[in-house]
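Following this line, the structures themselves.
Two complexes follow with chain A in common, the first pairing it with chain B and the second with chain C.
== the complex of A and B ==
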């Protein structure tokens, strides 16, 4: 066997080529009666259609959740979900939360200490003490 | 004893009573999903009649557009064997109900085509993949029906997946071969597997946000991938129907030339797992009843995902043409990152390098020490270069002279095999009516080093 191969798979680079929106579904839960859902009910009547039209890649489910606080639940392609309670919020605040869910990747929030990440090899290479001009005393 | 310190507090007030009454008598309705599907505007393209993607949904459009489209009934799929949802052309004569319940389709093996337009999940998938409006959601729904769920070739994705699989294999092969003309055959198979193998297509299905239905049936959401899955613990190692002459000898060695002839584009065996293929009943020589066509074979999730992604590519080719398909394959498959140098595995790189230099009439390779430190210490480092005459072929660093020399030989071999021409014209880029692009022949290599 002169040369054999190691099987691997290609790595996704979302946005290089195709971009897939990571949020695949948003569930809107509201209560018909409670005061904390007042803003949510108004949002569902007036704003939701525009939001859905602007984001066709997101499946939108609306369902009542009687006697509970209104919540938004985003489901992501990585299998995770994100819930936001929107009790006592105005429609303008709720639409901000919807945009937050839409723009999220679904990954848990974590602090990035290194701002640049890359799968590419460094162009400059790793410094080596054995190459280049040697220091002579 | 309604004193503040008694621990018993009875609130008697009119507003409290009213709140209580309202809370008790709040109108309770059944919890039901309200579905908003705004995404379907502008997707009314119908494939030509007689096209193999035509699912027989032309009459529905003809009804809505006051008879401007008339499909001859002879070109419709034969729906006599099986009712296709609530087709207006069915013999029952009653008007189609506006919103049929999913339970009406429970007797079908897969969801009927005419519920595809009512599924927000399918519409969202259509938009998420940025499919053109010429790609109908009905075809997308058909792509989601695996042959294991619905054995009828009119309704499953087998034909689309066959076409899409060939397209994917061809375009990846030309992409890899033209850019890296010296890749050995094993690495070429591995590269093909890395781009369009079942593992990566299965992952692609996940990244597209497509989920699997628990079990096939007509009542499932059309946006779910429908497949009959294998039982856990099924042995999938032995395969039958591979096309190899001695396929019952499953532990025979398979060399590279025979893989090119007999096996699939990844060098893997064709055919199905032996435990899943139903053996014909003994003495079953009674003609056509023994044909294994109507018996669905269960598949793994990986196989179902593979056929779904391939079917989307095949349907893209049929509905939207070659250019759109090329762009789709580039955007979703070829734009993924792959480090080709990580695909190699050498067992005797120094010997290979000697044979290579011999074949190419280079001077025999000589390893020379370039630099070293701490030879007698706990962690010595040696930097060794491999030279052919005055040319340095490769360089490697290691903890011993032998390791550094081997690493240098591997670097030299990878430098040879991973040669990539600056200008590449892939054959598919000059096909069609694109006259301004000129065919420039590509570099063809004599092949890998035979030891």
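== the complex of A and C ==
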């Protein structure tokens, strides 16, 4: 029986190799004394563990910031960060903000007008006036 | 509900119309009878005269819409020429006339200054001397200030210098408090006298006593495993009571200061005595408990220096029976036990917690349970749920830029470079 080479089959991944969460770290800052941190303190006591367990890929740092408003700060793989002030917010509102930071790409917000965006070169190539059909009037 | 204006505040509309429509005399909402009377009785100052008044006074009169010197409220107390501060200065600087105008007095009546105004005038006190330099003045801050602000050493904390930490130690102290107070109750003495006994653990005879509450909790039986324990406990409290009363009697004659000093002497004597007792403590080889009685050098008072033996198999009452079930429903008993327990352990029990205490066991729980953390970081650090999550880190204090540099190992290089350039190594540590 002749030895046959292993046939290579192109994997159809639709351009996606693996999903990498863009948010790599979220910092939680609060104040022990101020009333604007009340919801944040409650969130850290009761809801933080669930959020951290559900998102093991995100590093979570909790540290006080005395006499300052409570904030969430998301750090992304592209080197950028996003900060959200959560003063006077309830724990349920803070969860929404955490999910927003988790799902964000880290890119600044831009208005998207075109439905498809690609970094690949066009299959058709760049248009040239010297090629293709010559039009004559 | 519709508001009905008070008659005293209501002013007829024609009152305003009677007034001249002058800018300086406009009285938009000054409706008190006193101001109206002043307006009519006195002449208004001319514009040139007005400029002699201080700016603050002119502004106040504009704000209130009243003539100069009639603005309600106190004058500017920081003005050096204010008559409130120094009447003499007002006279020297030609302000006398204004002062007369302001206070509503006439010429010659300025002597009738109220006692309050005189008290405020520091220039009249003979010992007052105005400082020309800052030498000799009291300074806020500095080493001398810190020394002066330290609490007086003559006041000592109620109880031991340090709180008991171990559960066994707290149980032992609590058992001792219960035994001492119950013995006093059997003797028909004042229960609070238990607090007069020394607090040193070496003199704990109560550990040889077993406390056995009845089933219904109404009565408590004391079983003495050391026959002389009851006598020694009573003697300890009695001797201290006598010396306390003697010290009190001396203190009454010599004042509070002497009383404090007397208590200090007594405490120091007790400490010396305890040291001596420690040295003469019987060895563990002796099976039976030896009793030593030692006379103190003092002629008037005799301290009991007998110490219980600490054999390895000695009976420890706090480890036996269900003494924690002793009810504290009797308020007098509860007060005495809690006071003595707080004195022996150094642990303060708050009033709301005392309200919830019904048995000795409740008291033990209240004393052993650590207080809730004051900081959120402490609370989170104690959380087992967060501790088992590998992706969560909790910091007890603010994470500073230096902390971030240290974490990546760059701070030592920065610090070395700053030192080499002779620059201050500062920052948010």
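Heads up, the rule we're going with is that the second predicted complex is superposed on the first by the 102 of 137 C-alpha atoms of A that agree within 3 Å, B and C clash if a C-alpha of one lies under 4 Å from a C-alpha of the other, contacts with A are read in each partner's own complex, and residues count from 1 in each chain.
To be clear about the criterion, contacts are C-beta pairs under 8 Å (C-beta built on N, C-alpha and C of every residue); 3 or more make two chains touch, one makes a residue touch a chain.
Keep in mind it's a predicted model, so treat the numbers as computed, not measured.
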| item | value |
| --- | --- |
| Chain B versus chain C as contact partner of A:64, first or second or both or neither | both |
| Partner chain in contact with A:21 - chain B first, chain C second, else both or neither | first |
| Contacts of A:129 with chain B and chain C, given as first, second, both or neither | first |
| First, second, both or neither for A:41, with chain B first and chain C second | second |
| Contacts of A:33 with chain B and chain C, given as first, second, both or neither | first |
| Which of chain B and chain C A:52 touches, first, second, both or neither | both |
| Overlap of the chain B and chain C footprints on chain A, listed as residue numbers | 32, 48-49, 52-53, 56-66 |
| Residues of chain A touching chain C in the complex | 30, 32, 41, 44-45, 48-49, 52-53, 55-66 |
| Residue ranges of chain B touching chain A (in the complex, touch as defined) | 23, 26-29, 31-36, 38-39, 120-121, 123-124, 127-130, 184, 186-187, 189-190, 193-195, 197, 199-200, 203, 206-209, 223, 330-338, 342-348, 352, 355, 370-373, 381, 383, 397, 413, 417, 448-451 |
| Chain C residues within the chain A interface of the complex | 374-377, 379-380, 383, 385-386, 389-399 |
| Complex contact set, residues of chain A against chain B | 1-14, 16-18, 20-21, 24-25, 32-33, 48-49, 52-53, 56-66, 77, 119, 128-131 |
